[in-house]
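First chain A sits with chain B, and in the next complex the same chain sits with chain C.
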Partner chain A sequence: MAATKKSNKELVINGIFLENPIFRLALSMCPAVGLTTSIKNGLLLGSAVLFVQICSSCTIAAIKNIIHPRIRIPTYTLTIATWVTVIDLVLAAYVPAAYEEMGIFVKLIVAFAIITMRLETFACKNTISASFWDGLGMGIGFMFGMVSIGFVRELLGAGTILGYDILGFKPLLFFVLPAAGFFCVGIMMALFNYIEGVYNRLKERKQ
Partner chain B sequence: MKEIIRITIGLTLSCFLAAMIMGAVFVVTDKTKKQNEYNKTQATMLGLLGYGKENPATEELKFYPVYRYIVEEDGETYLGYMVPVKASDYEAYEFLILDLEGRLVQRFTLDISLEKAIDDSDRQKILKETLKPETAFAYQDQTIVACLRDKRVAYLLPGEFTGFKTFIEVMLALDPRFDIIGLEIVEHEEDPGLGAEIEQDYFKNQFKDKSFERLKNLTVVKEPLPDVFRRYLEDPDTLSAKELEDIRNQYLDKDIYSLTGATISSRAVTNGVKNMVKRFAYRIKILDEVIAGHQIPAVI
Partner chain C sequence: MRSMIQRYAFRSIWLMPVFLLFLMGCNVEHPFVKKVAFKDSLSISIEFAGEPDADWATDPDNYRIYEKRDPDVLLVISEVILGPDKRSVLIKFDEEINQAEPHVIALTPIHSQGKDLGTALLNVKRLYIGELFAILIGAMLINNYVFTKYLGLCVFFGTSKKRDTAVGMGITFTIVMVASAMMSWFLYQFVLKPFELDFLQVVVFIGMVSLSVQAVDTVLRKVNPALFKAFGVYLVLVIANCIILAVPLTLADNEYSAMESLMLALGAGTGFLLALFLMSSAGERLELADIPPTYRGLPIAFVTAGLFALAFMGFSGLVIF
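Right, the complex of A and B next:
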């Protein structure tokens, strides 16, 4: 893939819809299945990923000419690990309450496929500003995925939204269990595909 | 060959750069993190004594930490206590070295304030400066003495003991007669759903109000927790004063009801608490005798 010709806006939209990390690329499925039992979890982890993705993308875009091609993957890992450590320390110091709940997950971000994949396919071939917008799009796309899965699972599994009791009962306890994560992701992926199909058909008809 | 060298240098440099960034962030955030941990401990201690957001502690309530060390000198083992004392117009520390029979051997005045002594490395430094260079000392634990208008109201004991898998860290509050005021599980790695239930109110509150005499032979029984007692432990606010009194009378002297499927964790906590209190009661009695016998101007 050569340097991108897309505008900044297109890059962001690309990350959120056309190449949504969870629903279209099916990357980083472990957190999408494991950590989405509530909206809050999804939101917290999503924002941490957003930060790490933007910082890593910009760093790699800035030093892409200095990296020896043979050691690019170790360098990516090193970069991601550095930013993850930074956000880990910052969260531990300034938002201890949130850190207590998600501390263990933040350290896992190092292994998230989506970040390495974006560095390999995009950031190492594009400018810093394009990488920033791509990272922003991908980060928001990931967060959007996490939050929407979290919404469905929290509502159906626990009957609450953001911890507030909405339904007053628990419709399907099954949805808070890990296995239900797969069902949920699958159903949402199908929904995503369906919406895209309808959208494309409408577009064709217009033309 | 040339390529290998270039790769090596490249990787070393990137690692170095990454280390610099992480180190800088660590230096910036470390102080806040320590402050957070300190605040959290303070909140836990106040919570155990029944203070909270709706019921803030009075200014007169003060926490005085006493630090215990093991001191080795000329092949002999001694106990060292850092005791807060009144020095002219401010509060400082004195280091008392007792032999194993509980007699005072040496005492030193330490030029360190209460706030500064909280930091482990600062204490280490001042002790190294004060004691003889060949004396070895190792930090053991601390006890926080809570005083209200110069009168002891409680002891707070941070401590840890082995659980089912790793250590269980707890904070225990005792009143001056060593009866338990409350127990808080600070950190543990027990199995979720089984041993991890030790942090639930219905388990840890069973220790509340157990007297020192009762605690000495406290054991764990494998019986289901009665519903009415569980309600008392979890939300006593829903019960009337008379009901509370009845339940207290009925269950206060009972043993600890084991958690279902986690007998080892339940036993570990019970025995751990028992040992902590017994050892502490023994030590503080000796320390009190020394303080009284040698007219040490201790504030505790």
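Right, the complex of A and C next:
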């Protein structure tokens, strides 16, 4: 793949909708299942991933010419690990309570497939600014996925949004159970598939 | 004759570690105390080397027992019974004690035949082998990394469509897991901790994982080409798996010993193998089922995994030993 011809806006939109990491690419599912009982967790982990994605995309785009192709994967991994260590220490220092709740997941950002995959398919072939916008789009797309799953689970399970009581009752307590993450993600994926099907049919009818 | 002795000696060498492990089960720091152990969920037994004075031994005020984790909370002793041989006591409690937690017993100066033998601080732990077994089963079933910790899902959904693939992936994964966990443990205990480089955990552990994947790749290619042909393709996937990094992080957090780390890695690996096998068996059935078109592929796989996760919640109350 040669350097991208998309504009910055298109790159961001691509990350959020067309290639949404969670719903479309189905990568980095672990936090989407394990850490979405509330919107707050989704937002925090989402911003951590956004930070790591942008920083490592830019780093790789900057040094892409001096990486030997044979050691590129270890280089990516170490770059990501460095930035994850940075965000890990920052979160532990400034939001200790939330950090405790997210537990091991912050450190596990290293192993999230989405970041390595973007470095491999995008950042190592494009300029720093294009990689920045791509990283931004992917990061926001991930955050969007996490927050929307968190929204459904928090609203249906606890009747609250961001901790504020909205419904006053708990429609489906089942959704805050840890195991319900699987069901919620599965049902939302099916919903996305359905919307896509309807959209395609409408498009065909127009033609 | 000589070869027989040699063979016998060799066999007994294998028994040595087992014997040592049993010895490590008793934690006694006082010469007068022979053995401390959990009797059952309501009592702890102490065995003395000699006969302690009866009125000292049966006074509950002479024993202060607490969980090692929070020394401020003392357990309430209901009564202390002197055994028939006058050398052992049984400390009874009203409430159940959590045998999974190590406990500490602080004794006031021990009186025996009018002599003062000094205070003692005794550690009560489950038998070491039992502890190891508990870690193994815990990582495999109770805290199954896929179904109760939600890790390694990308690879899990990617490779659980066929049973052969699932088993191959699981075995490869277990081998790499054990290798990388042991190396990480070594580095953490002997390099990172002494030099206070704890913050480098993530960088070092992920490096270890890549290294052990490369090592297993090279060794397998040379030693067993047939096996490499079968399992080689999965090796690349292993790096992209969260579990492989979660295990070194867990054992660093919990300060596990070498044996315990080995058991944790083995448990996590076989747990992943089990999850993959279950999922692939269900997946092969799903291929014949009539699923609504919007649910085909990943969505139905997620719902199936959710059902398995619910089933695995049943293990959460399991207490071993």
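One rule holds in what follows: the second predicted complex is superposed on the first by the 185 of 207 C-alpha atoms of A that agree within 3 Å, B and C clash if a C-alpha of one lies under 4 Å from a C-alpha of the other, contacts with A are read in each partner's own complex, and residues count from 1 in each chain.
Note that in this section a residue touches a chain if its C-beta (ideal position, glycine included) is under 8 Å from a C-beta of that chain, and two chains touch if they have at least 3 such contacts.
The shown structure was predicted, so the numbers you read here are calculated from the model rather than taken from an experiment.
So, does A:I67 touch the first partner chain B, the second partner chain C, both, or neither?
It touches chain B, and chain C stays clear.
After lining up the shared chain so the two structures overlap, which partner does A:A93 touch, if you call chain B first and chain C second: first, second, both or neither?
Only chain B is touched by A:A93; chain C is not.
Which of the two partners, first being chain B and second being chain C, lies in contact with A:L202: first, second, both, or neither?
Once the two structures are laid over each other on A, A:L202 reaches no partner at all.
Just chain B (first), just chain C (second), both, or neither: which does A:S28 touch?
second
Please work out whether A:A111 is in contact with chain B alone, chain C alone, both, or neither, and reply first, second, both or neither.
second
First (chain B), second (chain C), both or neither: which does A:Y194 touch?
It touches chain C, and chain B stays clear.
Of chain B and chain C, which one touches more of chain A's residues?
For chain A, the partner with the higher number of touched residues is C.
Which partner does A:G181 reach: the first (chain B), the second (chain C), both, or neither?
The second partner, chain C, only.
In the overlay, answer first, second, both or neither for which of chain B and chain C A:T79 touches.
Touch partner of A:T79: chain B, not chain C.
Using the superposition described at the top, list the residues of chain A that contact chain B and also contact chain C.
74, 78, 81-82, 85, 89
What does chain B use to touch chain A in their complex?
3, 6-7, 10-11, 14-15, 18, 21-22, 25-26, 29-30, 32-33, 36, 40
Which residues of chain A touch chain C in their complex?
Going by the criterion above, the answer is residues 26-30, 33-34, 73-74, 77-78, 81-82, 84-85, 88-89, 104, 107-108, 110-113, 116, 178-183, 185-187, 189-191, 193-194, 197.
Once bound in the complex, which stretches of chain A touch chain B?
66-68, 70-71, 74-75, 78-79, 81-82, 85-86, 89-90, 92-94, 96
Touching chain A in the complex: which residues of chain C?
Per the stated touch rule, the residues are 147-154, 157, 199-203, 206-207, 210, 239-242, 244-246, 249-250, 292-295, 298-303, 305-306, 309-310, 312-313.
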